[in-house]
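Take a look at the structure set out below.
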Amino acid sequence: MVVVVNPDVSEEKIKYLINWLDEKGLDVRVFHGNKQCVLGLIGDMGKIDIDMLRSLDIVESVAEMEESFKASNRRLHPEDTVIDIHDGKAMIGGSYFALIAGPCSVESEEQIISIAKQVKAAGATFLRGGAFKPRSSPYDFQGLGESGLDLLRKARTMTGLPIVTELMDIRSLELFEDIDVIQVGARNTQNYDLLKELGQVKNTVLLKRGLAGTIRELLMSADYIMKNGNENVILCERGIRTYESDYARNTLDLSAVPILKRLTHLPVVVDPSHATGRVDLVPSMALAAAAAGADGIMIEVHNDPPKALCDGAQSLTPEEFAHTAQKIFKIREALA
Amino acid sequence: MVVVVNPDVSEEKIKYLINWLDEKGLDVRVFHGNKQCVLGLIGDMGKIDIDMLRSLDIVESVAEMEESFKASNRRLHPEDTVIDIHDGKAMIGGSYFALIAGPCSVESEEQIISIAKQVKAAGATFLRGGAFKPRSSPYDFQGLGESGLDLLRKARTMTGLPIVTELMDIRSLELFEDIDVIQVGARNTQNYDLLKELGQVKNTVLLKRGLAGTIRELLMSADYIMKNGNENVILCERGIRTYESDYARNTLDLSAVPILKRLTHLPVVVDPSHATGRVDLVPSMALAAAAAGADGIMIEVHNDPPKALCDGAQSLTPEEFAHTAQKIFKIREALA
Amino acid sequence: MVVVVNPDVSEEKIKYLINWLDEKGLDVRVFHGNKQCVLGLIGDMGKIDIDMLRSLDIVESVAEMEESFKASNRRLHPEDTVIDIHDGKAMIGGSYFALIAGPCSVESEEQIISIAKQVKAAGATFLRGGAFKPRSSPYDFQGLGESGLDLLRKARTMTGLPIVTELMDIRSLELFEDIDVIQVGARNTQNYDLLKELGQVKNTVLLKRGLAGTIRELLMSADYIMKNGNENVILCERGIRTYESDYARNTLDLSAVPILKRLTHLPVVVDPSHATGRVDLVPSMALAAAAAGADGIMIEVHNDPPKALCDGAQSLTPEEFAHTAQKIFKIREALA
Amino acid sequence: MVVVVNPDVSEEKIKYLINWLDEKGLDVRVFHGNKQCVLGLIGDMGKIDIDMLRSLDIVESVAEMEESFKASNRRLHPEDTVIDIHDGKAMIGGSYFALIAGPCSVESEEQIISIAKQVKAAGATFLRGGAFKPRSSPYDFQGLGESGLDLLRKARTMTGLPIVTELMDIRSLELFEDIDVIQVGARNTQNYDLLKELGQVKNTVLLKRGLAGTIRELLMSADYIMKNGNENVILCERGIRTYESDYARNTLDLSAVPILKRLTHLPVVVDPSHATGRVDLVPSMALAAAAAGADGIMIEVHNDPPKALCDGAQSLTPEEFAHTAQKIFKIREALA
């Protein structure tokens, strides 16, 4: 780490700072510029509070020489992580691409099984569906809960597709024991106690980027899980909050895909449905995600008549999904 | 609610939509413009998914005629909420102003008691201090935990100041039974299961705005608590994430103060310390918050020597705090 | 346009508002909800100041029923605009795809001609290069100016590639008479006097989205040009300013491509070089742009040795560009 | 400047980079950490393109040791700049506070003179009013133009108040010769050719922060003016574009006031009217700006009946302005 000291700071104050860093067990090397002084720090940076250091009046800036995330850092683990669900039932990472599809919410047995069969036929390798739903309003439908999980299990039995579903409350964790992939939603990306707990289970975790989360925060949150023992983490870009919200719910940040692929060995998937919130944008953003190098794409598919009528919502119909899936596969072939 | 239908949509599709809304139990009134059609909806909007409606292809836009938050809505509760901690030990809301001060983290008995005495002498009416700390890195200090709560209790006994401290894990809730004000941090503003649980306790809750949370989301989160029975909620503006982060950690959104005062009856406090992350900005932003009409201000105060030396971090020294408190009181007098 | 009136507004005030709108020549239709009143306005909305209307205390919200942009609006002009540069020398829009390449700045005759030949060989259909450079610091290199334009003309003569270059100062317009495509940079997107002037020339204009410009503002700026008579406008997505800037300069907003394709008939190009500011992100973002349906892609290509050494900056080497161009063409074939 | 080199970069590449920096005339000092290498650069940083350097693959990060702005930098000019309009007619900066008031647009002689008299009586020290209006839509009213300037001159003659009005088109500059303060609007903050031209006139310039401009960019734009010879520059915070726009047009960034006061010697004013776009937020934000230490506040005041009726728009009535001005003066006294 490099600390740039403000100009005009007295020698005495600089010495005091060096002593303080020294007492923390860091090796401090001093470099004098023409007007300013720079300190190079070597050792375990975990011993100091970098934010505190940065905010000191005598400090102009702090440049970290190593990324603060570790378990997820590609430098320490250059090979791509490949996650294998139940002995090859489905894989993701490295050369394995995952197409994850299903409804926003599980509504009924008929609904989830029908969609599961259709998305499988179209090439999906995972079934997604929400049983516990995070809703910004307490007055809105909160999901079927435990019985929704049972319906997902039935759909898995019928189709063989591994299931992806969201865990909201740390106290429900035991209900998820046989869930293939536990999703952590954008509002829980920094729910650290939940992440620590997920570090101690065997399920794969699909970790969504926060509503306005940085890439670094996403990797730090992955580290919360991995540091506690669970290395099966999939990262998910799902749109970020920006000033532009007139025509799409969030701004899909596709540059996060190549950035994450460089910084980490973990698989990266993209969720164009939640990012855009509009069905007419989902197909083109799914294709763009494939072209950008995503390891997987997660798409909402629905068969509800009023939505179908209106060509609507953020969910594609099964037919539209099949059409989009074909194009995704063509792009992957073209770039292979 | 008003639904503006896209131009060029067939009559048949519009009828289908009207029928669907009708079946949901809403009273639908149709208004034909020269090119477009507008639907006025009357009834319980909780029955339909507004996001879904908005994302339909045939819908151009949806204007909600009533705010979606209810329990916290000033229209339904015009009088200011005044929260009374332990029979007048401290009050906030209406004409009662709260000055909340203390260290970021509780570190030792000596530290917390010393600071508590000093901030009380300077006019603080609440003591804050973190026992459980949300840290973006799993490799950083996570707080003293349960023993930190004990130290806060000791400081309360010594000074009589009610205490404010953060709850992170829903499973620790019973440890907080006698904590005067439970803080919900910015990363948990939309941790709905935690909020629901806090709706069933008697503690006052200080709810921080999310890292990039909207004002509406903050009020909806307050509703999650209030709907479950706990009406003692304080809202806290603590800076929002914007593109400008070179000179301050976040952008303090002071316009949120008059906006919230208009929309809700709940007390509104401002935290300039976390918003700016820089001690040199805290005093002027605290004064601005007072001038903007905040019901309270929460300021970090520390007595750690290296920080004191460096005039640094986001914490004021007790002397700086006393100086700022004097000016806050002068502004409140000037505007009385 | 629909105006939702606040609840609890007196009948008298509503009448006053209706009279005022009526006097402006609008046809006002009143719709009474259970608690609120809604006004439907028909007529020329240009006669009233919508922002003013929206900010009135008695108005809750204003929903515009028609998009405020007109000349660029696809509803009024459903067919794709195809722009033909010098009788088919190069075309863009509809089924014509443009690959625009060249250095950030024109530096020397040797440089620009060498790059022009190489990018042409790799499939580029336009040559770009900056002669007048907008630099945030007045102490930085400001471009070669007029002699830079001459070097571009030479490169055009040598290769036949039409040229794209930026105009900054309205007073230099006459120097650009024979420039095929005049670029308006992100800092000038709302320089309305410049836009009006460009509405009176015959050059094609490539209009970049503002640094933090909305999609609607981009279309309104296009209207400033088109309303004054010049319909040859190309829109360019070049990244938007967001809170995430650790790993890329801006956030490339690829969802703007399908959104713009739906809203307007004008061609849409993407500039991944300026959006990301990092060469390692340019190829994947160029491919994603192609998959998202862009009508053109603009890529910086450089042959400067220090940059080449360091595989660096936001510019690809000619070899890297050729490689990326091949993949772009493959994606377009796969999706054809 | 400090350049942190990526780990695992070959010695050969580092040498090549050092040579290249050396050839640019910089003094390069090398510092080897345990895994990475850091270069300290001394000399004229204007010789290299920092963005280019930052984007090199072998560079991890670049920490600038000195701020890139110079003429406006307080380090190089520690005393507050005090601007004196016409021999003490009005002053701003240091201990002089400016209250700038007037209508958004000049509409008629009666209007502007009536408002000018009223705001002067309430304590305003400058009259503002727009003659040339930047409108995002080409279909909206664009201002009275030259005749508007004449009306402002009449109001100045009648009241003695110096006038502040916006210049949009560089070609109109000669019309502004006797205008006391030329305003550069948010859309022109980075119109560099306009700024250069303003560096060569004698008028004071009020430079607004860009719509989503950074603090550093604002100071660099001030440098564009000052470097060309005009040191009478006033900076203006006017709200920034963020994701939160439901209840206010922009987010007023009041922390920019103390930040700017530390970074620069130039006077800093705040415009709460444009920042919020809502009259009900203007008074509290004006008071907050005063408490935050602004050198001046600019407020829109209007006497148009429909607006007055509706208590509306972003403009206060003259009575409301007088009331707010009283409170501003009280806050300044309280903090004196």
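Just a few scattered comments:
First chain written, first letter: the chains are A, B, C and D, and each begins at residue 1.
Methods note: contacts are C-beta pairs under 8 Å (C-beta built on N, C-alpha and C of every residue); 3 or more make two chains touch, one makes a residue touch a chain.
Everything quoted here is computed from the prediction, not taken from an experiment.
A count of C-beta contacts for the chain pairs C-D and B-C puts C-D on top. With centres computed as the average of Cα coordinates, no chain lies farther from subunit D than A.
Between the CA-based centres of subunit A and subunit B the separation comes to 26 Å, rounded to the whole angstrom. Centre-to-centre separation of subunit B and subunit D, using mean CA positions: 31 Å. Here the CA centre of subunit C is 26 Å from the CA centre of subunit D. A separation of 39 Å divides the Cα centre of subunit B from that of subunit C.
For subunit B, the set of residues touching two or more other chains reads 212, 241-243, 280.
Within the complex formed with subunit C, the residues of subunit B that make contact are 2, 4, 7-8, 29, 31, 33-36, 38, 40, 42, 60-61, 63-66, 75, 212, 241-243, 245. Contact residues on subunit A toward subunit C in their complex (touch as defined above): 212, 214-216, 240, 242-244, 246-248, 251-255, 257-259, 262-263, 275-276, 280-281, 284-285, 287-293, 327, 330-331, 333-335. Considering their complex, residues 13, 16-17, 20, 46, 49, 51-52, 55-59, 68-70, 134-141, 168-171, 187-188, 190-193, 196, 210-213, 217, 220-221, 223-224, 227, 241, 249, 277-280, 306-307, 309-314 of subunit B touch subunit A.
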